[in-house]
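Two complexes follow with chain A in common, the first pairing it with chain B and the second with chain C.
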Partner chain A sequence: MNGVLLYARSRALPVTLAALAGTTAFAVWAADRMDTYLDPHRKLPLVALAPLLAAAVIGGSLHTASDELDRTAVRPWWPRRQAQLLGLTALAAALLPLAVLGDTPGFGPPAMIRNLLGCTGITAAAAAVLGARLSWLPAFGYVTAVYLASGGVRGRAVTVWAWPMQPGHEAGAWAAAGGAFLLGTVLYVVRGARPEGPRG
Partner chain B sequence: MTLVETPPAPVRHAHPLRAETVRGFAPLAGAAVLLTTAVVLGGSADRWQGGWAETRTELHDALLVLLPLAAAAGCRQGGRERRRRTEELWGTAVRGPLARFLVSALPLALWVAAGYLLAVAGALLATWPYARGDRPYLALLPADTVALAAAAVAGQVVGRLVTWRLAPPLLATAGFVALGVSLSARESAGRFLNPAFPVAVGEVPAGWQPVAAIGWTAGLVAAAVLAHAARRRYAALLPLAAAVAAGAVLVTAGDGPWRTNPAEGRQVCDTSTTPQICVNARYGELLPQVTAALSRVTDRLDGVRNLPVRFEDRTGEPRADEVQLPMLTPIGWSMVRGRLTDPEQYAWEAVAALQRRADCDALDPRVGLADDAVENYLAPSPAREQFDALDARGDQEERDDLERRRAARARLLAMGEEERREWLSAYFATTGSCDSTEVPAL
Partner chain C sequence: MSTIRVTGLHVRHRRTVALDTVDLALGRGVHGLLGPNGAGKTSLIRVLSTVARPSAGRVEILGEDVGDPRRCGPVRARLGYLPQEFGYYPGFTVSEFVAYVAWLKELPAADTPAAVARAVARVGLADRADAKVRTLSGGMIRRVGIAQAIVNDPDVLLLDEPTAGLDPEQRVEFRALLRELGATATVIVSTHLVEDVAAACTEVTLLDAGRVAYRGTPASLSALGERTGPDGMGDNPIERGYSAALRAHRTGAEALR
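What follows is the complex of A and B.
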């Protein structure tokens, strides 16, 4: 078995891929059951929650069981970490829009991909700061809180802080989600997941 | 030589609950609940700040997010012994499984509840300086706090049973979806079992409703804990029976325990104006601002006949001799943080309320001219100049229309005081009617 396969196994990538496929299947099933013909806003829970779940799955795969051993390695880890995070994000970005294909103005594939980038960014940053096992917590708290808070709020600032709830064409929301993704990726790639130890 | 023997320092055995409370994941979970509530409240501040009932409703609605979060936090805590590989070691402990469970479950539940209560205190403090009457509503708080703590404990039971690393986020998402779907089921009586079910701003619960709600959530979770960790598992039947009884009461009572807030039915009035101005008692101290905003209207209507007696602001339809005061609630539009956002717009809405022609399908141009001239005299819309400028750049018909409107406005302004009062008296005798023949010519 070569190094790449061993790395993939040590990061539980087969289970992660299966979980991403399961998330997509669930999203497609839920989208099929939603009656969004009259009101595209009804797609909002799906466009907010499916990327959140996918990001949690990706965040879970950033866990390493042999942190101290890893740090003794000769080769640098950052290219592997980068490939893992970007590869899984790209895969989820290719899969999740399948749930919102078709004529859904505002809450179609662009919004889904933007939310995935934003959620993955927060989750990756949380993995670097809190540890991979708990990386789902900040993104879940923030996205669901914004889901409740942003209804009926007016002004320009809301398109930035409530980026997960905006239609796909809002530039401010893209900037916020893109910024979160960039920051999270850099933080994780440079520092790796925070060691959790046996007491975590 | 003598040896001085110092007695050994007494060994202090801190209670295990203390260590569990001050260290580990529990304080972090409390902080997560506090921060999440802060995001909910901070983003929607325009909607609730300054209204006690609105603040209560916003805090209760946050449960939709906080319950899954608390359950997920509990689920993570529940998997701790497995991650530490201390399960076998615990098996040798003197204490029974229930005590061992509670010693890790209770601190987390307490921190989650403390995080929520801290957010509640912050929200009440934030509303206080902007409140314009009324009092804080705390009747929902005990049941909501218990529901959060119960969710944290229930999540912990799940965490003990499910070994997957992704169990906490999955539980959070599933909980959020389940609560959300239950909210959208508006007809079914089962929605009253949802601890996060929406409570309208104008509703208050009967005294026994929080007790039944606490019995339902706490009973259910106590049954789950006993079934999971008690030596005699059949003991779970007792809290289960209590939970089922409380749940049955909640379902059969339905809307029963929810009644209209008595404060909604009272109002505070200024009787010195024509028409008189009344504001709902829930924000009665706003009356001076409303009176000031409408002062131009009421001053110019002094001595005019055929006006309604007062602007009223109660729930339900206005009486025959009253008109509805332009809406101040929901908070966030006309009223934000105890202030009128746009007094000019508000005064224009009040004039439109006096004209009572919003329901007319099509208005005769003569009625439209009279209405426009009266609006211009009493309280012009802030957007009037913009509309006039648009018409001035429009086609011939729009420009002619604008000319006629300007001429009618000028005629009303040019009238003598007494003549105008008579004309307005005749005009207000026709408000509410869509029939053009009755409106006096201008």
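What follows is the complex of A and C.
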């Protein structure tokens, strides 16, 4: 009955790790089915959607069933929250680029990692503001909206607000996604997931 | 000697005043916290458990001012808390859940298995220690909640509606456990069941609309009920005393004792 293992199980980390592995496997499988794309080199759907799925999985693990009891813990929570969020993000950042290795100009590993950071940041912020169970929703809504709306739009601003659709070398997209990750991480680490249920 | 000292405690939930200038001093023993719905019982328990912060006032537990977050840690290690809804992890067994709380309380790892086994046995769940919590009945889950609250042998034990869902036999056993715990610790039990207070508590605090309406012993509350006679509201003296104390507080009457 190791305490750290119990903590990991309380946050459904075994299931989360399995889901992240499943997400990676799914992304690799989808990447190899080139005939599903109009352009055989087009990786944008993968680079936009796989990080979204991974962020949703990470968001689910931020849920705590015993928030009221957890708040009576002797040690402060922020180091554990930080370790959990950064650890899972690092793992996903190591796994997901496997799906876009090779000759994928613009939409290779850098874009995948950038989008993972952005989506995870939005999801972590949503966990702090809305609660972990709904944490996937804002990132899903934002990425879907940008995916549908950014096609054909030109200009400097689009590289920032449409960061999930930008090539990996766009500095503005990195700044936006990095800012979202920083903000979400700080919000979640400081406040934790918003309590759900009668006291939420 | 007081282990809990509350001075000028004020708690607001948005526009609602939950506790209004409450002063209390509580020492070793079992203290019953009575009052109608919305009286402020849960708000008081949550502040004492260090889960909620007061809007104003000072709360001292075991000699530490818990308004200072840096001083909460040592108090939490010596505190047990059963919230009204404590939540549990469906995949955990009874022992695992109690061990998880022991870990939150920083119990030494070497002592945890014995502490868990003892807490589980004290609530009569030794034969279900390896059962998943989700497979238990409502009353058993409540007992798991009590087990996690006592796993660290707390000096201050806060129980919010601990007997909800317990059958009569379990309630009688629980009262005996309360009396045992109250011999060495400060136990505060928030409840609607005045018969639990009569049977297990050494002192009674009655809250109404966020204020202390009455303080005394179960015997003094019963005596108040006796004075109102059989025409008072309630089926027994302590229920009549509860109703009379509330009525007196609401009409602003003084000197109940």
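In this text, the second predicted complex is superposed on the first by the 190 of 200 C-alpha atoms of A that agree within 3 Å, B and C clash if a C-alpha of one lies under 4 Å from a C-alpha of the other, contacts with A are read in each partner's own complex, and residues count from 1 in each chain.
We adopt the following convention: contacts are C-beta pairs under 8 Å (C-beta built on N, C-alpha and C of every residue); 3 or more make two chains touch, one makes a residue touch a chain.
Keep in mind it's a predicted model, so treat the numbers as computed, not measured.
> After superposing on the shared chain, does chain C or chain B touch more chain A residues?
B
> Considering only the touch criterion stated at the top, classify A:G152 as touching first (chain B), second (chain C), both, or neither.
A:G152 contacts chain B only, not chain C.
> Does the superposition put A:R71 against chain B (first), chain C (second), both, or neither?
second
> Does the superposition put A:R9 against chain B (first), chain C (second), both, or neither?
second
> Common interface residues of chain A with chain B and chain C?
Correct list for chain A: 198.
> Applying the document's contact rule, which stretches of chain A touch chain B when the two form their complex?
Where chain A meets chain B, its residues are 12, 19, 45, 49, 52-53, 56-57, 60, 63, 133-134, 136-138, 140-142, 144-153, 158, 161-162, 198-200.
> Going by the contact rule at the top, pick out the chain C residues touching chain A in the complex.
49-51, 73-74, 76-77, 79, 81, 83, 85-92, 95-96, 99-106, 109, 112-113, 116, 148
> Along chain B, where are the residues that touch chain A in the complex?
24, 32, 35-37, 39-44, 46-47, 61-62, 64-65, 68-69, 72-73, 76, 83-85, 165-166, 168-170, 172-173, 176-177, 180, 332
> Along chain A, where are the residues that touch chain C in the complex?
Chain A residues touching chain C: 1-4, 6-7, 9-10, 64-75, 197-198.
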